[in-house]
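Shared between the two complexes below is chain A, which pairs with chain B and chain C, respectively.
What follows is the complex of A and B.
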């Protein structure tokens, strides 16, 4: 449970907001329609690091619930609103928190809540062929009877008469590993505007999770993202464990921590290499990916699979770490540690890296706070947020490690955050192996999940990953909401690309470590 | 002449990778193929960014509604003869996402597929094996019926 800052709750109570401490595993603030902005304003005034983590929409029968999940520097609260289903409108909060723009659009798409005053309303994740007025996450929608419109061919106008030229990147583009479309409007070489169209990888996971059992959902949410799959699994099973009030044995916590850090290691090495590819430095890409392979082998040794590990389950982990494997793991990590100084001095001294990355995509600290960015993007801009430190989960509370923060805010700083985190991850795994508690690695949990709801946060390689799970006492969850780190980080790219050269778009973009399968779900 | 072109195609197929709604699990394994440990360039396989120059289309992931049209268009842009490899459980059948509201299904719902490589995700060795098997099979030219049915698609 979050250790909530009492000052914040007192300030809210003084303004007559009803507070339920312990609800959702944190604190829930009831806000009548129209008052949610006031509650948010109080939080914004109290703490500069206040940011909207996610907005959950949920069908409550006669009404639609809109839950604003807000993080401050030392607490995590939820502001709950309800709007009637026949007239679901709510005032926007994008003027207070510009970073909430995407979150609001998603609720509009999936549940039909209209946010009055939103700066650029439109479709976010649903396909173009999806009919108007049908909202997939409403319970009364018969999803099999939805008739899709016929696809119309896209008419891309290269210029709209304003003198700007539109360069369309995607859905299929050599620089993108995933399908997504970004229309970049340029004046000569200078980027004037970026128009994103995400949703190409939208698979409707949130809806699908409502028709699968909790155990099946563990496998489903892992497949939201193949790269940070263990983080998704951890976030989901922890939320379910919060509802079940199950305590996980200490050994399971340590094993989970090791698996999560291996996930982070391979993800960071992947991005550091990919950044090399995007700046035309393919040797660096090959080097990083060569050194990433032993980590994949370790993951396979511990969990049984190279990529999607499927090793976490409600109540613990599915496989123990064998004593005989520990020296092998340590030897591999020692080998990797020896290579880090080489890469570090590469990033320090190599002129081509410095020229392509330094002062590119500069995100000032104030903008990082306003746009609610997370993970290495925030830490590269001097915002010290890390869920592992702020709200320790698993074994992170017991393991000493350094929170890496750079202040330059450019592409180079973001990549260096990851570079240093590789080293920290190695430290964490070594510490966890040395202090691995004995005992069970899994406990039996009740098969029926009692009614309840919980929010949970995990620090994925790309930043804060958020889950909201609501149980209604049946075998299937009532609602599973996922807010992934890239979803929160894309606004940073849309802002920093403006005014820079079109050639700086790829390194800037890859420095977010974008993962669209996460973003769209 | 036919022998020479087939020989060239088998010795150096240019592949195009398209993700039509994958979770990245298969994608990172496809990229791992190109990196030092697996290094498929030793079979002459080269990753090609443009569909117009590609011989083999490696597809990963289930096909989402939004991507189906784009996948078809990419396939149409490839010159004949063309081959499609579906990598991973999702590309083969839709996988865990089959039946979701914005998912069409496996790749074969949209374009004809020549080789299926199951797995979630398949190991890089399995992908190499699948591609090499495909290369062996194209040493025999396509039957007339196959070429005809591909043209009709």
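What follows is the complex of A and C.
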């Protein structure tokens, strides 16, 4: 059941919603307080692939704006609500869209909007010592003057008397390379409940970006994540370019595409290897990481930096690809392509991999849709969403490539999605190199951005990455909202881990390709 | 007097304690080097020629580190379990003929194979105790897994160890070795293959590396250990691996049997023994490198569904051959 944009807009107009076409995605819908659920219901009824991408909270002076960014199969709409600051309450949408639970908690933490009827309210991103009633993203809060409470020194109880043992995975644990806590309650070896706590390395990038210029913000948002850094930069500069109405030269678009795909390549190779480590297959890990090295070298050759490329800027890219480098890039990719069949056959047929990954962490298609998961996790469950196809950006509209979808929904399917995407990425880069347009690779843009707002989506290696940027006519943005793919995918882990063995927790979790520095912006 | 000095020399230096210790570290180095080379890494490279002294350096380094005993732990068990495990394994090795005779002369008795097999169970139980006494959730789970695994795999291991006993017509290790003018691996290859796989499970190596699954339970029963106690716990594990390989050598590969050319025959026996042990370790390391770690329920199921019936079948087949077929040849 799909629908085109017109159907959706007609249905919404019939219910007397104000619609602004072309604003914040396909259209922006003004919903009076209490009506946002009706608008969402219409969208949910019309299209099974309707999912909440993000909820942006924004300080509008006297009121707080709550924007629900909703994607359907072929459109992207924003439902705009406003709640007064003195009584910031809204009805929850978690009963309609369970995947919105984390997004609502985040808005509560950062802007103090209370969502009535939320199933498990509590702190999500702010530390436990953060004082009550101070909401960091409100404009009147002076962050330097916030006084943290003294941390309480209560003992962690290993058992609550119910016979369940609490295994705490994190904040320090060999399976997690970044600090995040999952308290896993186990009965024997079976997982009964997972209690997440994120925010251990929350750096307040959204707040920090409001005090830096647009150009500085490009480098700031790049540092949200070391692995998919170019995706963050692309998502941000594209949003700014939308507000500026800048036309990026075609050569820049192709170069950006190449950098983005190199990002995806090295990210996927990293995860495919890391999954080997989690199931105790160290050899696989060592092999994948050996073959990831040349990709890092390519990134360095093209952008000048090995990890954080810092090569994108508003209006284009900062460095051209030299003609002399193209054969070298192609040679490296050919070398990698030769190794792909071996790895593919490894992931598809190796018995111990199949035993550890098949039927582990099964996420059914309906659950994947309900929980609004993105990227390889969704594609492993048979949900064909890929921003590169659905809403082509940069040069993706002109480059032929296959959208990889597996239907099994287990860890094995998610890893195989990545395995096949490695091959597609090589194809995309080779095509882009062959069809590289000539001409300028950047245009000059003004430092001061006119008032406006824009949303932008990019397919990061881990899935749909969402940015919302609002400018106020100065050189500093009014609000930058980032929704990272891992943030959207964690609910899938919380659901699929229940009832499985504790030994299945690491492979299941790593199959989301979790990135906590993304999650804790 | 000379006899006593000779006995002390045998027990403490060669082929006893010191020799076993250095053999263990040598085998550890071989394991690490093979694993590294198969994974496109260098492995130990700097300490001694090709890093051969790295295991010794690691051991000494651990001895110099601070030791922490958790307040909640059962202190006496926590302290002594690693040393007991280490001693029991060294003691078990003393029954194996390393240079042609067992380490303590004339210690061999009828049925010492069963005794030695029992000592492995004791050592495994001590490893379980070391984890259980730490009172740490990771250690407890790791310890419970050790117990689950060795309870399951002890029975097939013993059944499979009986195959050479039937072929030799004796439960005495010395007799089993002496009767192997054709190594039993030729006469009962199926038992050899199953024995190596079961041994892999008994020694907690991949794909049966479950008690140590670091992505699930940190370091399993070793989690709370540090300093000298950790050094001995690790050493006990390494001795266990050497012991497993030695048992395979003794039961299936003809132990110390091999041509002696010049000089002392004991030295040639030792050489053949060490070479065979290293060969077994290479095989077991290959398995470790080539597979992912399985899950505890998969291993338990594999044991009761496949390994146990197979070991019974293997025993029946061996008895049949040993009684009716091989005597005619």
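What we mean here is this: the second predicted complex is superposed on the first by the 514 of 521 C-alpha atoms of A that agree within 3 Å, B and C clash if a C-alpha of one lies under 4 Å from a C-alpha of the other, contacts with A are read in each partner's own complex, and residues count from 1 in each chain.
One rule holds for everything that comes next: a contact is a pair of C-beta atoms (placed from the backbone, for glycine too) under 8 Å apart; a residue touches a chain by one contact, two chains touch by 3 or more.
This one's a predicted model, so the numbers in the text were calculated from it and none came from an experiment.
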For the three-chain model obtained by superposing on chain A, do chain B and chain C clash or fit? fit
Considering only touches as defined above, state whether A:205 meets chain B (first), chain C (second), both or neither. first
When both complexes are superposed, which of chain B and chain C contacts more residues belonging to chain A? B
Angle at chain A between chain B and chain C: what is it in degrees to the nearest 10, using CA centres? 50
In the superposed arrangement, does A:330 touch chain B (first), chain C (second), both or neither? neither
Partner chain(s) touched by A:192 [first = chain B, second = chain C, both, neither]: neither
Is A:165 in contact with chain B, with chain C, with both, or with neither (first, second, both, neither)? second
Once the shared chain is lined up, is A:352 touching chain B (first), chain C (second), both, or neither of them? second
May I ask you to decide whether A:282 touches chain B, chain C, both, or neither, giving the answer as first, second, both or neither? second
Figure out whether A:290 sits in contact with chain B (first) or chain C (second), or with both, or with neither. both
Quick one: minimum Cα-Cα distance, chain B versus chain C, in the superposed arrangement, integer Å. 5
Which parts of chain A are in contact with chain B and also with chain C? 174, 286, 290
Could you list, by residue number, the parts of chain C that touch chain A in their complex? 35, 38-41, 137-138, 141, 206-207, 209-210, 213-216, 218, 289-298
Can you list the residues on chain A that touch chain B in the complex? 126-130, 136, 143, 146, 148, 151, 171-172, 174, 177-179, 199-205, 207-208, 219-220, 223-227, 229, 270, 285-286, 289-290, 293, 296, 306-308, 515, 517
Can you list the residues on chain A that touch chain C in the complex? 158, 165-168, 173-175, 189, 276-284, 286-287, 290, 350, 352-353, 355-356, 501-506
Under the definition above, what is the set of chain B residues touching chain A in their complex? 17-29, 31-32, 35-37, 49-51, 61-62, 64-70, 74, 95-97, 99-103, 120-121, 123
